[in-house]
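Sharing a structure below in structure tokens format, with a few things to ask.
Chain nomenclature is as follows: A, B, C and D, assigned in order of appearance, with residue numbering initiated at 1 for each chain independently.
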């Protein structure tokens, strides 16, 4: 089935992607279009691959607030119950009422201690309650450090919002063709020292006829730019060394070819290295087209990058 | 118009800058003299390229304080109104007065809860008010984490204050000439492993007579220094490979030549990589001059770097 | 005794490990199986190699909490005693009782000031007590910054949980053999740009017959992968240049051969470089086996990495 | 005077150090023995090279605490005066007394607001005082973020405590000699990927007889080690390319030769790059000696690095 000859050296380079070369039918893509790995991790242990800090930083906002609020409520329920069991007479300012009302005011006192707001409307008078209260204030300060730290960590997490052209083009380049896609920085943050690495993969059969998946890291016309103010067309010239050389669009579709991209840059405002991953499949391939420039010079002579036009192209 | 012959290889390298090669008349420079990109971003979405954390860190101090104070005031207006609607009888210590006075004291109580100062002069007695108060203290702690975190982020943002010579010189170098500018570290912080990259650009016409902009990354005599205690003269020897080779000052001006600089270093006190960008235009070019040393040895034998003299030169 | 000929060039490379080449009998391994250095540091000074921040971040949780709680308690004992000596009449709200009861309430007041909870049930009225209280609140805020900072530092410490295959295999590779082990990322965090470096060491005798330890950094089939979604078999082809070339399992055991691994990667969620160290000894060596794939495609077509199966192999 | 012939290529490399080549008599060294730059910065502007964050992190502890305490006291003096001017009747709980006593209690109330301890013994009742109090609490939270942040920044500042041998040796190496010094990591923190760069400098006269300073980056036997568990002897083989080739100890002293070292490593616990600088002058040079091993294997077979013995040598 494969029309690409088995090129051991290129295949070895392809393994550099850390991806599996076996190709079952109906297999999902291993890298999602948003760049994340489409891999499930199974572990023998409960919480075997769970790392709380990572989870708190990367989970959804809904999950995050749910966990933080449940923890806050839970801690206060525990301390409220302790104060209640110690005896409400050890707390000054607790309202009269049935046991539930009294427990409620223990809860309020607990939360006032936990957040260190400490109005004093309710305050401990007995020794045991006093001792518990200073312990709770300590625990409150320590655990809020985790809550506020992770909140800020989520808030300040380095993001790269690289816009990729929706399609990937095969355009004339020199005497032959080039495989081209366009990227642009959506944020005003200034990226410098951008690097691109592109891998392609396709289906093949091995010597024994078993279907396998082959990989190749491809050469780029330019794989590094010093500054990235506007947009960048990344171009893989399809020469004899390229696995895509001499292929027709239908052949590439039959080969279930896929293109993996890893971009790296440095955000010089935040002094951080930024990565961006992306992949294209063959239904995003346009044969014989050329990207339009997504920027123009306005009446004041200023260059304007129109992000809505990143990826616009002209059929040739 | 162009007297620089079309050098494809160099032009390709020039694209490394990620800059546009088209050259409209009256176009503004793409890199400002302070190193920032002079690019406007247009996006289809509202807040399409807005990233709150980046904005809070990089906006002006005026904007920053405006936003933080408005948020603080706004949150307290909201909570004050809630307490007021719940009923002032649920708060002990609210002054007698008309509804506005009472709302004002709700506002004060809210701010005392929000900042966790909690004097207790006013304190919640009703269950609803108590519940809202512990919620507000929680929200206060969490949102102040963003406010104090971004304040500290702004305060501790890695800065590089590299002083560039106001002029760029063409000075005799070996048998020919060199294009030279001087840089010095304005801060006492010690930079190590400095690297420089210099690109030049000029106007040209392409095969079809359309005006284009050409780029070339130029060779430097020394592009890396291990330590950077005083000053550094960065020298591009203008040999046959340089696009500036054989040009007169007037020719360079006619070509609207521009020089882009990217400096990189490592601040070994803060363990951070630092970048600095700069550019020169042709009205800053001095022909036939040589930089003076901006440092001297004082009476105690200590080397003194005089930053006010960085860029001083002698006409030859 | 050594059957590996003395290869000066390789030995020099081996010194790259920074390990000692002398080989006493009964010597412990210098790198533990968990990757830490098994080295004791002796210093002439008391606390000569002690660095408090490092210690607070890397010590056990038990030690950490012990120190933090003792410090919190100790500070409050000191301030309680100061308030007590200043005189309890300077504090409003102190309970009647013997001196110990009064000291206890001084302690509670101190803790309420230190944590800034400040209920006000007890509050300073005298000038001296007021002055000490505002000093204590200041000290409390500053020292809690250290406590909460180190707590968060421990919590957010970059971890790499790389799973290594329990055994290291010698498997057929091309015309000869390869030394192979398998690694997988236990966490969902996505590592990119993985690099591996492998060194081997063995016992030998030098020209004068003294036992020495030799080292060699070995060549790998692939020493870099761009992405690391599943698992990676790291393979050292045992060719003529390898110190293990032509050795039998018994010979390797007699040579007390050891394999040191250094993995490096970049966690692109946290923008941090991650290192992992590991080592294998000869009782973990399996001759003539091949690793099974630790992942499979489930019914939905999704790739599942089964971490419990990392390192499973088939005898050949 | 110079017996080292003028080697332009080496000299150019030497400029990589970013050091001055002019050599006045009685000049102080440009790099102190502790690695810091011995350079004074002069600037035309007041605070021209002052960067508050850098200063707060790098100044002495005495200066740091002085500034932080003065700021804390100063802010409270300002707010105390404002409350006093607004009128003490707006504060509940102010003691009777003369104006100074009343101002004192305004000061205590201010500090209770600033630290958010807010006992409530004194609390605002008037609207103006209430408004000022919530403003002060806000300012307190924001400015304490700077104080606690810089305190933690100082506390957690990456340190490298590399111990250098007090002397630098010229020892037999192969057929010739090597210039050798020893380094060891004083801390238990594990450094990996160590790199060394060594530059030498010496006095010379240029073509016109003016005294100049020459530099050369010298070749090292090994300039990179993967791990750094014990000690490392860094060796510059003095071959024909070395500026020190064929020199006697007296000649080197006459040339005022100096040796500059830049070490770089990665602390894999804190995920930080660490630099260390050092320099040797000729009065630290020992001719014909060899370093002793500073580590030994104790009775349990464990390797012990004795930091007090780093740099011990045997005369040959």
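Going forward, a residue touches a chain if its C-beta (ideal position, glycine included) is under 8 Å from a C-beta of that chain, and two chains touch if they have at least 3 such contacts.
Keep in mind that this is a model prediction, so the values were computed, not measured.
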Those chains which touch subunit C and also touch subunit B: A, D
Most distant chain from subunit B by Cα centroid: C
Distance from subunit C to subunit A - Cα centre to Cα centre, in angstrom: 26
Rounded Å distance, subunit A centre to subunit D centre (Cα mean): 36
Set of subunit C residues in contact with two or more other chains: 112, 116-120, 144, 149
For the subunit C and subunit B complex, residues of the former touching the latter: 116, 118-120
In the complex with subunit A, residue positions of subunit B that touch it: 12, 15-20, 22, 24, 26-28, 30-31, 36-44, 48-49, 51-54, 57-58, 92, 112-113, 116-120, 123-125, 127, 130-131, 133-134, 137-138, 140-142, 144-146, 149, 153, 157-158, 197, 199, 217, 260, 262, 264, 272-275, 277
Subunit B - residues contacting subunit D, complex: 68, 72, 76, 95, 101, 104-105, 108, 111-112, 115-121, 144, 147-149, 151-152, 155-156, 159, 161, 186-190, 192-194, 221-222, 224-230, 232, 266, 268-271, 293, 295, 297-298, 300-308
